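Next come two complexes built around chain A: one with chain B, the other with chain C.
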Partner chain A sequence: MHGSDLRFQVHNLTRVEGEGSLHLLVRDGAVAEARLEIFEAPRYFEALVVGRSPDEVLDIVARICGICPVAYQMSAVHAFEDLFGVEVEPATHALRRLLYCGEWIESHALHIYLLHAPDFLGYPSAVDMARDHRELVAGGLRLKQAGNRIVATLGGRAIHPVSVRVGGWSKLPRRADLLALRPALEEALELARATVHTVAELPAPPFEREPRLVALHHPQEYPMNRGRIASSDGLALAPQAWGEAFHEVQVPWSNALQSRGADGLPYLLGPAARVVLDHEQLHPLAREALAETGALESIRRNPYRSIVARAVELVHATAEALDIIAAYEPPDAPAVAWESRAGTAAWATEAPRGLLFHRYAVGDDGLVAAATIVPPTAQNQAAIEADVATFAPRVLDQPMDVATHTLEQLIRSYDPCISCATHFLDLSVERQPQEDAS
Partner chain B sequence: MALDVAAGRAGRPAAARRPRVGVVKLASCDGCQLTILDLEDHLLDLTERFEFVEFAEATSRRSSGPFDILFVEGSISTPEQAAEIVRLRAAATTLVAIGACATAGGIQALRTAAEHEAFRSAVYPVPAYVESLATATPISAHVTVDAELRGCPIDPGQLLELLTAVTTGRRPQLPDQAVCVECKRRGIPCVIVARDLPCLGPVTRTGCGAICPSFGRGCYGCFGPREGANVEELAGDLRSRGGRTDAEVGRLFAGFTGATPEFRGVTDRLGGRPLLPLAPATAHVAGEHDTTPPAWRPDDARQ
Partner chain C sequence: MTVPPPTVRLLVCGSADRGDDGAALAAVARVLPALDEHVRQRLEIRRCEQLDVTDLVDIPRGTACLILDTVVGVEPGEVVTLSLPELAAHSRGVSPRSSHALPIDQVLGIAEALRGALPDGRFIGLGGHWFGFGSVRSRAVRLAMPAYQCAVREGIVALAAVPVG
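== the complex of A and B ==
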């Protein structure tokens, strides 16, 4: 038979963290190949942490990602504390949530205002958007700054904070340090609530599908540092047991290992999965904001609506940060004592982009002997490919630049962090009709 | 450090076009270019003063040059990057390396040719699918660098200082003092003397503001060795205090600037280099010819 092949090549995806491309082959109107090609240079972190002590690992794994270093420190520190049987102070648990709130706010505000909103409003960047909507962008930057200030207050700097240690902290904040954050966070909470309404009004392409969603779930708290690994089809796994339901796969076209469920199928992580699976645990103000949008079902089904989920989590994180600050009483000591124990340390926490799993083999010498780190974007690669394959046929009759933009916007809706996954996204388009040889 | 932007453009009328700025990344975590976006209070003003013509993380508008100022984050870790940096250098009037990866190779530069194959096999079941150079190297190992901002990550204050210096046509003030000087200035008790913590402050260039000592721990060398640092004396001192093993002291130097000759020298002698052999990768391997896109449900046939 004779057919025509269309090849889309989206080189160097922009407004994502890291370097990647999208390759799409459409044969006779059907998607024959959809490959997210991640060519971010490998840095071999799983090898670099071998021979290191747990506290050294906390410093090293932060460098996997400049946008979400706290997430890497959180998964690692909880893995080690779980293996060593360390019970941290309740205040440490609360402060770690506060630190994570700071990172979620910084990361989500960055994505909503600087990376993603320009897509919906038709600008190439937030800077261009600011010419017409300066107050909107300036408000987004103040939100982002409020998140950064939390991280810097607890950890010394906004990127690669230094204070998280096994057992607690190298230094605790004083009450006054946290109270100083309040005015900025109170403004941020109002900005976040307004953000929910703004992004809920943004027009989303009418793409719907039934994804498998995976996120941590905890009956008493919106998931960050603890809970079971839950899914839209009823999974309930201990956070150490990621490997029982999922596995990593190397594909020839990506420097980032992918992940699949035990059945070989993709699954989706991130704000949309969390909001759908854990909306009952949202802060009352976030639950209220979500209810006002009536967007829960569209967040579940339409990937372009993830921006609403991200905004709802901005409300949650700013509101919870204020609650934690109000309740904070410094414990007697920054950290509890601990002793190393040989064995397997494993844990999962919720990074801004979704579930982040770490596993370390710890030897009798107290040093790491082997490591597996499974970032959320690496796990989301197959979901992105599945969505591109599902939606691409519907835009192929449109002009190439429109089709390309729609698909690029789709990929950006996952907030892919390619530096995490190894790291890159690049989008250019090649249309190459050709005779099928067969 | 030479900063050609000031000298080279001094004669240009101040009202002329905005400088064309590029921001690119190689092997890195994005944290240093994120520091630009983290200048929240200044960001919109900066975009009026400078034209960001290339900044893939922030804008879909692309440019391959020319650039008046090009900020480069990351180390050279693949053959493509080694070729790309030569092209970028030719397109840039002033090339500024930002961060520990670009200026010192970063944590990934701890791998040497001796470890490369073992590293690849520890992460990837089919290393042949992945291309990387045997070592990761700083930008200056490949092309001339006009200015450097050190740090892991860079310091926002130093970044603003550099941008201000460029705008006003003067040299940036980036002190080459030890972190110790910053501790003295801030009244932070010495963590080596008072708490017997291992600290690289005496041999590390300041720039961060002595964050780690102010947070109750020792400096781990993000800004790299300062000029003339006596690393051997510090290494000896850290070994004699607190009963640390050679390898523990060596590992302290094997951090984000651990590939600099000064720090690597200590690690090479005392230990703390990556440990071999490494356990093999555990990931599954997709069939080489299995290019069918994943589907949400097994019965979602698209043909």
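== the complex of A and C ==
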């Protein structure tokens, strides 16, 4: 070890999905190294789907995550349908957005109320926060439950849904099934609007940077299932073409592949990227809620403000869910017919944590021959490391526990899902004191 | 005849198509038909792929809960019975296999904070080994199913018979 090294280590990052750690090496007062260490074992899903039919793949990839299974199903089903030339009915597209709304609601409510809010309110855990803020936490749980009910109604069950099929659905919901969701969603919409105001008032540590933001963009709808891959520096790619602008790289401290742009630089995905790049496509109620906060610019520049973006998306998802339910007319059949075709199936959709890219090689036998799955947390790793390296010097003079907490809070701002990425967190910061000038 | 309100909420966790994770579901499927009618009438049964805070928060006074799940942290095939505080403390290294969104201690802790107290009840787990795709369970779990079913039946009968709170 270098004589002036100061190592700053948080071994177990809490309130993130999965297991991993952050290691920070500070040398001569400057951050020499920031490593998001993902040591959770690889899960081999890309190998598990080899030799499987497209519909089997949809059920298997849903098992990658208990929080965002819908996202995995959506990227996969759109990839296959694009390759096979399948045109689904407008009602099927609307139902898939409704399913995605359910997942965004349950995922965002979980993160805002149980994982991230304790940081801002000064509690070590959601349990401690719940003792003092019962109504707040109870409201968050009702929001989450409203999302779970959507997924259960459409997907057959709240976790790892099973009804998505190439061409449509294995079973369509009845209109009455969806109408039964309205009371909970109407309450959820009011809770979501109140959430925006609550989190917009939370004090965020002062940190500004200029991130490269990436998200889908569609002129007519807030990005979920379709659109071009857009960035804050002007990128506009087809959803199949992720590989033209981004690539995966392996680093020795992570079992999850990182991703970088063609220039080798990191980029950021997720609610903040979506709200900044796609705010004009937000539901009018969400756009109104965002405007009332005046937080658009701070969402772009300060990662701690991502909680506001997440809350705005809660409003969007609940409001759009209600609109879809009001307009729902069941399609004539659960699914349209399709025929397999050999080739490369690729697509990107917007998971709660950001853009999720899938690519499958489909053989003449109709089975998957190779697969590439690029989850948002894996893509965000490099951006998280860059932000930690930039922000850390501002807290190094603070007591160790304060500095550690502030850095953990920063990492939680990205809502990392380590289980998805390796499918990870544990923070270690290593300070190396200034070298004796003599 | 007026059916008495349930006095036991049975929370059956796991997925039938994820190997040993389906053990609790399988056990309940065997145990329920063999219960006396008056015991069955006192049960409210919820299937929970993951135990959620909302499954515990609204348990009324006078109603107990029995949580069933496959666990890790013990030998495959071992049957473990814990109080809910013991479960929250990960006593004996037991950790339910089905929890993902929040760790079990957080689920129970938030429920306790919101209710003012944990509900009365207990947890009966079965040590699992294989959690891969499909409904096939490991040999250790298959061999232990009679003992697990017996523990589940005894747990239901005991909680249904004892007025709580």
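The rule is simple: the second predicted complex is superposed on the first by the 423 of 438 C-alpha atoms of A that agree within 3 Å, B and C clash if a C-alpha of one lies under 4 Å from a C-alpha of the other, contacts with A are read in each partner's own complex, and residues count from 1 in each chain.
Note that contacts are C-beta pairs under 8 Å (C-beta built on N, C-alpha and C of every residue); 3 or more make two chains touch, one makes a residue touch a chain.
Please read these numbers as outputs of a predicted model, since none were measured by experiment.
K.L.:
Does the chain A-based superposition show chain B and chain C clashing or fitting?
P.N.:
clash
K.L.:
Comparing chain C with chain B, which touches more residues belonging to chain A?
P.N.:
After superposing on chain A, more of chain A is contacted by B.
K.L.:
Per the contact definition in the header, classify A:V137: touching chain B only (first), chain C only (second), both, or neither.
P.N.:
both
K.L.:
Tell me the contact category for A:I159 with respect to chain B and chain C: first, second, both or neither.
P.N.:
both
K.L.:
Between chain B and chain C, whom does A:A241 touch in the aligned arrangement: first, second, both, or neither?
P.N.:
In the superposed model, A:A241 contacts neither chain B nor chain C.
K.L.:
In the superposed arrangement, does A:G66 touch chain B (first), chain C (second), both or neither?
P.N.:
Both: A:G66 reaches chain B and chain C.
K.L.:
Now that the structures are stacked on chain A, which of 127-135, 181-189, 217-225 or 289-297 shows chain B clashing with chain C?
P.N.:
217-225
K.L.:
Hey, what residues of chain A end up touching chain B and chain C alike?
P.N.:
Of chain A, residues 17, 48, 60, 63, 66-67, 110, 114, 125-128, 130, 134, 137-138, 141-142, 144-145, 148, 157-160, 419 contact chain B in one complex and chain C in the other.
K.L.:
With touch defined as at the start, can you tell me which chain B residues reach chain A in the complex?
P.N.:
Contacts found on chain B: 25-35, 37-38, 40-41, 43-44, 47, 52, 55-62, 74, 77-78, 80-81, 106-108, 110-111, 115, 118-120, 122-126, 129-130, 132, 136, 152-153, 208, 211-212, 214-217, 220, 222, 251, 255-256, 272, 274-275, 278-279, 281-286, 288, 291-298, 300, 302-303.
K.L.:
So in the complex, the part of chain A that touches chain C is made up of which residues?
P.N.:
17, 48, 60, 63, 66-67, 110, 114, 125-128, 130-131, 134, 137-138, 141-142, 144-145, 148, 157-160, 419
K.L.:
State the interface residues of chain C toward chain A in the complex, per the touch definition above.
P.N.:
Where chain C meets chain A, its residues are 15, 18, 49-50, 52-54, 57, 100-102, 105-106, 109-110, 112-114, 133.
K.L.:
Would you pull the chain A residues touching chain B in the complex into a rising list?
P.N.:
Contacts found on chain A: 12, 14-19, 30-35, 39-44, 46-48, 50-53, 56, 59-60, 63-67, 69, 110, 114-115, 118, 124-128, 130, 134, 137-138, 141-142, 144-145, 148, 155-160, 162-163, 165, 170-171, 209-212, 247-252, 255, 257-258, 260, 263, 265-266, 334, 361, 367, 369-370, 372, 382-383, 385-386, 388-390, 393, 408, 417, 419, 423, 426.
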